[in-house]
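Below you'll find the structures, each written out as structure tokens.
In what follows, subunit A forms one complex with subunit B and a second complex with subunit C.
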Partner chain A sequence: MTEPSVDPGVLARARARALGAPAQPVSEPVPAGLTTASDGERLWLLPAWPDGATPALLEEYDTAPMPMDRSGQARRVLAAALRCCWTRLDDAPWPGEAVPVPAVLEVYGGMSRGDAELARRWATGELRRLSDTGWLLLDESAGVVRPGPRVALWHDDALGPLRDLLRRLPEPPQGVLAGE
Partner chain B sequence: MSHPSEPASGGPPTLDDALVGEAVLGVYRQMFAALARDSGAVVDDPELVDVAETLLAAFADAGEDGLSREQMRYVCRRYPAEVFENRLRVLRGLGAVREVFPKPNQLRYRASFTSVVGLMFVRRMMLDGGQSEMHRLLALEQLNVADPRMTPEQARDGAAGLARAFRLWSVELLTLTNGTIEELREQAPKLWGTEEILRRAERLHGAILRRWPQLDRACTDLRTAIYAYGDASRRAAARLSDSAGTTRNLTLLPPETWRTFARTASRDDLAAVLEGFVFDAPAPWHEPSAVVQAVEDGPRATPPRPAPPRPSVPDPGLSDDTGGDATAAERLRAVAEQALRGRDRVAVQDVLAQDWVTARRLLADLSSAHLHPELPYRLVWADGLDVRPEGAPTWISPGVFERTDA
Partner chain C sequence: MSEPFEPLLRSFDERRRSELVAAYMAVEHAAEPVPEARLGALREPASRRTLEAMLNLSGRTLIRAGRSEWTSGYQDEVAEELARDPACSPPAGDRAVLTLVLIHSVAIPRAAGRLPDDTWLSPHPTPLEELRRRSQLTITELEAALRRLRLAGLVAQVRADGRSDGGDAGGFVPGPQFHRLTPAARRRLQEELILAAGPDSPLAATIRARRRSRERVRQEAGRQEAGRQETRTQAVREAAVQGENS
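And then the complex of A and B:
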């Protein structure tokens, strides 16, 4: 599409919104109206909401949030991933640490009941979906996962119950964490 | 309606003819009897038409015997009695329902065939509106033109009637085109399928002209009326689609039109519809509390360990005033020692010789020290009562506060 008349900043913002949470080098300019999360090398463009609100506010207005299949399972896998990646719970979850995917699957298996192999397969699918929507950064070739940039949008004062929860969750097995 | 040419001549031209003959007028009365509220006016409630339809259906089932009044009432039992009576009176007055034999005190009735056909026509007009009736008229006229018994006069009348209908139609469309867009949208069904009508009308026009070249004046009228109608409907449709395009109000056009567009449009056309729109990537939001909730609701390998109850408001921590037993005992011991000032016993009235607010607090503390099982103090009250009108406690029993030997 040829759009010479559109302001490049506006175009960049539209692109960022249409792509979700795209990453760009830190040196690139940030379009107005977006917040960012950076891990030092790269910068993720994230939506900015007014007055510090989050989409959780939709619930107060009885507005349906984005529909999601098996949201409970996705959130449990997210919790399992955070249990592994968010090692210093007193700090912010972003940027966290990269951990091997098997460690997350192991923690998830410990949280759930039933067929362990099935749980691992479900969890793998959820990891990919969470990675697609920017909640986790999954590097399948290296087999590691780390928190996604959207985690940086969490307010620190909302994190207390989550910290308590993660302290209660089973620990990842040390052998898997070490890479074996 | 009982003759094939009747619908074509049912329009305005033959109404003048009809007025001269009472017989034709009778047909009209019968035709519209179902619509009549009383003998002089048309119904104002569609339910009244339903009564007539119910009755006529019952007559059709009854056969040649007809129906008695009671049977008619039974058939129409859904409707109130006065509605039924009113209907029956009107239908009889207009000849749609009449006695089987024209005798006084006749109990059995039969229905008129013409009324049923008229009602069918009316129902069809209600369902499809005038446009499809126009289709039928054109088709019938086409048949008539091919009929060898057709005379040039009949053909001229038919062409003139159609021309008049098309002119009235285009006047209506022009009014709509200049009116509000909402009104235009409401009346929009009149605009669909006009191409077909135009083609039929032109074909009919060609057929009349070919068979009776002497009718060229009437045919010219018809032709201009057809063209005027085509222009008016195109203009109205253009206005409608223009405003539908600019307002993006999808209800301005019928859903089928949009569907057709979606199927037949090119990719660029489709893309142009949403030009300027940006759709956010799907981004579900996981609130931390929702994550906690999901984990807690999830299936568990081990039975859940109940979390200790926590207040929902922030906990301000321990209060300074713990009221621990040792602290309270220490405080009472200090109070007691201050009252005794090293002595082993002291008179209560001496200790209480202060203002009453302070004294009663001290008395409470001394009583507590007396009652505390671990503190070696005791209050001993004597008999008697000192009345002291000027004192702070206006009466007091003599007593001593003393150290026990514990």
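And then the complex of A and C:
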């Protein structure tokens, strides 16, 4: 019986959107019409937007993007993680380096006031959420975190303010970074 | 990188092209449907057709919400394919929690006449306690399911409004993704809820009968299409032969 079939390329792009930023081995063929970010072993499928636009365009049209709970806190934790993982700021943030989670928690602790233990707990939850959404790659069993494939979508000409911001954040603890 | 949009955008001048790109990004990424007054490309049927073609490249389609607002969602046949893919389906626990939210926030208020027929958004929150009691999940599992559902925009949390005179006590309602259902997807969801809530009801029997007859029509159409294709192939073959002979 002939089922109404969907073009395989269309379905592959739809599937990539439904899954967020799915990973595959670099050896597998890449569906057409998607952007990719690779770390040498794996390759992540990312959306290809027309004319280099990004969702940041929504701001120009007074249109709110999908809301994120505790977005301020999530942004600060992402900044703390990038402070540790994006060590050569003149390069691109992707793929960056894997760093121990305690280093990120320490930087985050240095950025926030109040109960340090509570801040660490909140930040651990945020690391998970940022990992669920592809902004970071968190390996809880190894206790390390690194930039997620979505940061590969940032345009180089938009990175200036982010670099300035990261330079102003507390430095990552060298002992923790060295794995001591 | 390949530029899949180029063939669709090539013929437009710079202003029209940037209007189309802005409208595409807005319907794909805004939390809520976008008013057409805000985006030029959404106002005219001709540019909406181009927008529709841009969305179709990824199995998406333009969806009208209200009189003059627009969003996007998966085309019905694409959603059907994705739903068959286990990697694309949320875990059973998440689906159970979402179903409870739909029953409490939409189905019950609708049955009581407190909610219009064709919407899946609701101002009536499902209390956390109700989800805990009915879902058979541990509190840790329930919290993880709610975290994922909120992150996906499938549920939204409503804070208690502080009133004690019968005002809503806070909880969870269907999230902004429910704007993105096509008319057929809204109808299917409505039917599924009826089948789940009252499988022996006359309404459920009607739904099952309608689905059986739709399936028969589809199978018949499939047979006819196969027949037409055979005729076309034959015609092409004949034309090719004629071409060779002329």
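Note that in this section the second predicted complex is superposed on the first by the 176 of 180 C-alpha atoms of A that agree within 3 Å, B and C clash if a C-alpha of one lies under 4 Å from a C-alpha of the other, contacts with A are read in each partner's own complex, and residues count from 1 in each chain.
As a convention for this text, a residue touches a chain if its C-beta (ideal position, glycine included) is under 8 Å from a C-beta of that chain, and two chains touch if they have at least 3 such contacts.
What you see is a predicted model; the values in this text were computed from it and never measured.
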| item | value |
| --- | --- |
| Joint occupancy of subunit A by subunit B and subunit C, clash or fit | clash |
| First (subunit B), second (subunit C), both or neither touched by A:33 | second |
| Contacts of A:66 with subunit B and subunit C, given as first, second, both or neither | both |
| Which of subunit B and subunit C A:133 touches, first, second, both or neither | both |
| Touched partner set for A:120, first subunit B, second subunit C, both or neither | neither |
| Partner chain in contact with A:14 - subunit B first, subunit C second, else both or neither | both |
| Subunit B versus subunit C as contact partner of A:42, first or second or both or neither | neither |
| Which of subunit B and subunit C A:50 touches, first, second, both or neither | second |
| Offending stretch of subunit C which, after superposing on A, collides with subunit B (from 95-103, 185-193 or 221-229) | 185-193 |
| Subunit B and subunit C contact sites that coincide on subunit A, given as residue numbers | 14, 17-19, 47, 54-55, 65-66, 68, 133 |
| Parts of subunit A lying in touch with subunit C, wherever the complex brings them together | 1-4, 6, 10-11, 13-15, 17-19, 22, 32-33, 35, 47-51, 53-55, 57-58, 60-69, 129, 132-133 |
| Contacting residues of subunit C [partner subunit A, same complex] | 1-5, 9, 17-18, 20-22, 24-26, 29-32, 34, 38-39, 54, 56-60, 74, 77-78, 81-82, 85, 87-88, 147-148, 150-151, 153, 157, 176, 219, 222-223, 225-226 |
| Of subunit A, residues touching subunit B in the complex | 14, 17-21, 47, 54-56, 65-66, 68, 71-76, 78-79, 82, 110-114, 133-135, 150, 154, 158-159, 161-162, 164-165, 169 |
| Residue ranges of subunit B in contact with subunit A within the complex | 278-301 |
